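Look at the two complexes coming up: chain A is in both, with chain B in one and chain C in the other.
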Partner chain A sequence: MNGEPTRRDVLGHAARGAGLLAVGGTAAWLSLRAGKAGAWTIDWTKCVNSRLGATGVPACEKCASTCVLPLSAVRAVNDHSRCGRCCICPAYFDVTSDLGPDGLPTQKLCPRDAIRRTPIGEVDPSDPLNNFYEYLIDEVKCNGCGRCVMGCKEPAGLGSIRLEVRYNLCLDCNRCSIAQACPDDAYLRKPAT
Partner chain B sequence: MRYRQFSTRAGRGVHGDQFKDAVRGVGLDRSDRLYVVGDSEAAVLDGDGRLLRRWPTGGPGYCIAVDINGNVYVGETCRIEVFDGMGRLLRTHRDAGRLGTVTAIGFAGEDLLAADATHRCIRRYDRDGRFVNNIGDRNNTKGFLIPNGHLDFCLDANGIIYAANAGKYRIERYTSAGELLSHFGRFGTRNPEDFPGCCNPTNVALTAAGRVVVTEKAPARAKVYDAAGTMLCLIGPDAFDQSCRNMDVAVDSRGRIYVVDTARLLVRVFESQDGPAAATSASSPASGGVRP
Partner chain C sequence: MGRPLGFLLPWLAVLVAVTDIRAIEYERPVSAAPTAESIGGGYVTPDVQRPLPRAAWWAAADAGLLVAAMAASAWIVLRRRSRRWLVVLTIGCLLYFGFYRKGCVCPIGAIQNVSVAIVDSSYTLPLVAVAFFFLPLLASLIVGRVFCGGVCPIGGIQDLVVLKPLRVPRTLDRTLALLKYGYLTLAVWFAVRPAVSRDFLICRFDPFVGLFRRTGTAEMLIVGGVFLVVGMFVGRPYCRYLCPYGGLLALLSRFCWRGVTITPDKELDCGLCIEGCPFGAIEKMRAVRSSCLFCARCYPTCPRERVRRRQTAAARAPSS
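Now for the complex of A and B:
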């Protein structure tokens, strides 16, 4: 026997090295993930736009104005199981605007016209109040300003619209600019489950 | 015409005349005794607010009414419990598959009328409890438009039904056969005479003189209209907790208005500052409003 490594020795060393690399890589990935565990989320009970009791104040638009993305990662989402399909939705219409000849407000609340109002079923053309309407939010347009959330809040509305973080858009910044600007500490990092 | 708060009844607490979690409905009998339903109990108070009796109901009650015989009707989910004046259960009215959550009860002759908030119409039953017809479901919305999930109505001396169609911002008048006679009211946020929000008025009652008393949410307030739909008086909104919604309302023989403060579990009593005569003097005939 001489000091030359055999083919078996070389293969064995290579296998051990690959194993160590895999273990080390996994450990590094896990430690990185642990450092960024969870995701940014909005606590509706804290957000002034959806918090019950906070009425008569303008909508907070920090989610729209402070996100580092050109169009915020926050969107308004309508829970259709709770939506009343109202004739005059206070989230869709600016209910303080002048009324038109049909008795409906003439201005919309959304500054980006991101809510679509569609009659459901057969329409009574003689009476706009004699119909149901569906309200769909166009997430391509919505910037999460929260005005519709404030308009829909109980007791004036039914509270079916809320702000949510879209995780396919969120960059998951460590120091989220929305969280730093939120006056109600409603923008929180939710721990991973 | 002006009203001021005369006193309060009930309230949040554990005393005999108080409620722990909810007060949802009020009614009056012919002697102006006040019936209050909340939590899962019914209470009877005398004219000075003293508790006369109290008893448990089978479930949470959403409304309470007293017929001419003094029997007490409590509207619950899918049933109406009927008690005698002492609180003994006489019978339970059910209509499986038809009757949903009952949020108002009235009597037209020997017929029983029940507001079915689940199916958005008023159910009419005869004295034997047999279904007769629906009221308010012959329209494009297949029923009353009540995003707030609450339907209220009352009847005048002639059996004409006054229903609060909140999502259409109207008080609608119907015959007991379900024919829409007329309506008044419109949406608006600037003129107090109009109805704001997603759905108002939420509740309605009539004075003996034929005036229409309504309550609203956001802002929580009460208003008095003549029969033609002209507003005579605004009560609040400073009189109420602004988180109140679906505030039940009743009017006694002296024209006092009883409004449920659903946030503070109170019944607020308002009386006319112009005296009882002004509150009970006859209004114009109930023929006003828009005819369909």
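Now for the complex of A and C:
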């Protein structure tokens, strides 16, 4: 068995060596070209929930409903530097609901109660309706339905809330089901920043 | 003297009023957000919550686990020759690569990413996809289809449901096995098309990824269920007849250096092992390297193997 190598052995070794070189060479060539991994991102200038022009219509909830994960990999974030900190925030309250005795709408817009509202700055206890409020979106509760994004938009709001992909959850599917369902091609694969 | 003062007084009053209004300013223009100064009370504008990217070491950990699992699979099948340990490895990889990582980043799907990257230089190909595509191919040139046995979650889930495998007639088996090359061609063809009409067929028609995620289109979940039911009687039907990556591995593993040898030492040519292989991968009483799926089911059927096991057990007994 361990005698002279036969013609078959030599040919086998040659084929194996050629295969290893070919596969390894292609792998090395491609890994040199493989840069930073691409990642699914939302272009919020295109997203129907955040771009102007569509106001007062039901929010597009595809990001929440089509992701393969139980909790969507998309969430809403509030850009605090742009947030108006309104008392009656059109993204926090359902402004079409009845006013309560405190002068605030009785219904909240978020179906999962993921937005936290806290008074900030110099609080005037005698006139709470004139305070500034900070709106913080709970990452664990938010499922990226985009209702608040649609609510916080001119003319009612300043458009400070937008949808973003949470890369820690995103599975980076080749065939992203949100991208397939997105009505405005706002869900794109871009090099990670 | 009184006259100039009287002239200034209304203006002074206006000035006082303006500064007073400023002190109790409530108006909030919608065109601009209030700044930390206008809010007052020591308020600091918080940063935008940034969803952090998946850390790079996770990708490295996935690739490392793939290498470790393939090494373990090769060691268990070729050295330890133990089906039991391979089942443990299969379940472990099924749980991690399948149910935990939800079947994403897998060599089968990476075929498409690699094909796209070859023709489209603007496409960003993740390094982990390169690793996942090429490492099992390199392993197949050395030891054979070691990725298929114990590591691949799609193979694993089918391997665990094999109940009473029927022997598929040789010609039918070989004809059906050609399907995977057709599927491979089709998948590459759809992947290398221009970006607008590009489609990832393998991911779209993956029968088991829906089970791993416990969600998916109803059609594909049904197809996955059918594959599992058929898989009870025809061993690993997806791997043998449809898996495009299996096609690549079958081509390369023909030239592999070491493969499964059913007998531990002496070739008996008794043919008892043929009944033990659920995948029809034993021909002329030897394991066929291109179709052997490294499941380690044939070893217990070999009389020489039984002798070897008795000897190792006897050798171990006095020491323990």
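As a working rule, the second predicted complex is superposed on the first by the 153 of 193 C-alpha atoms of A that agree within 3 Å, B and C clash if a C-alpha of one lies under 4 Å from a C-alpha of the other, contacts with A are read in each partner's own complex, and residues count from 1 in each chain.
Throughout what follows, a contact is a pair of C-beta atoms (placed from the backbone, for glycine too) under 8 Å apart; a residue touches a chain by one contact, two chains touch by 3 or more.
All values derive from a computational prediction rather than experimental measurement.
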{"item": "Contacts of A:Leu158 with chain B and chain C, given as first, second, both or neither", "value": "both"}
{"item": "Partner chain(s) touched by A:Asp9 [first = chain B, second = chain C, both, neither]", "value": "neither"}
{"item": "First, second, both or neither for A:Asp113, with chain B first and chain C second", "value": "neither"}
{"item": "Which of chain B and chain C A:Leu52 touches, first, second, both or neither", "value": "first"}
{"item": "Partner chain(s) touched by A:Val77 [first = chain B, second = chain C, both, neither]", "value": "second"}
{"item": "Which superposed partner A:Gly103 touches (first chain B, second chain C, both, neither)", "value": "first"}
{"item": "Partner, of chain C and chain B, that touches more residues belonging to chain A", "value": "C"}
{"item": "Touched partner set for A:Glu139, first chain B, second chain C, both or neither", "value": "second"}
{"item": "Partner chain in contact with A:Val95 - chain B first, chain C second, else both or neither", "value": "first"}
{"item": "Which superposed partner A:Asp185 touches (first chain B, second chain C, both, neither)", "value": "neither"}
{"item": "Doubly contacted chain A residues - partners chain C and chain B", "value": "84-86, 121-123, 130, 132, 154-155, 157-158"}
{"item": "Complex contact set, residues of chain B against chain A", "value": "139-141, 145, 147-148, 167-170, 186-190, 196-199, 217-218, 220, 242-245"}
{"item": "Residues on chain A engaged by chain B in the complex (per definition of touch)", "value": "52-53, 55, 84-90, 95-96, 99, 103-104, 121-124, 127, 129-132, 154-158"}
{"item": "Chain A - residues contacting chain C, complex", "value": "12, 15-16, 19-20, 23-24, 26-27, 30-31, 33-39, 68-70, 75, 77-86, 120-123, 130, 132, 134, 136-137, 139, 154-155, 157-158, 160, 164-175, 189, 191-192"}
{"item": "Chain C to chain A touching residues, read off their complex", "value": "26, 28, 30, 33-34, 39-41, 43, 45-54, 59, 101-102, 104-105, 109, 112-114, 117-118, 121, 123-131, 133-134, 137-138, 141, 199-200, 203-204, 213, 215-216, 252, 255-257"}
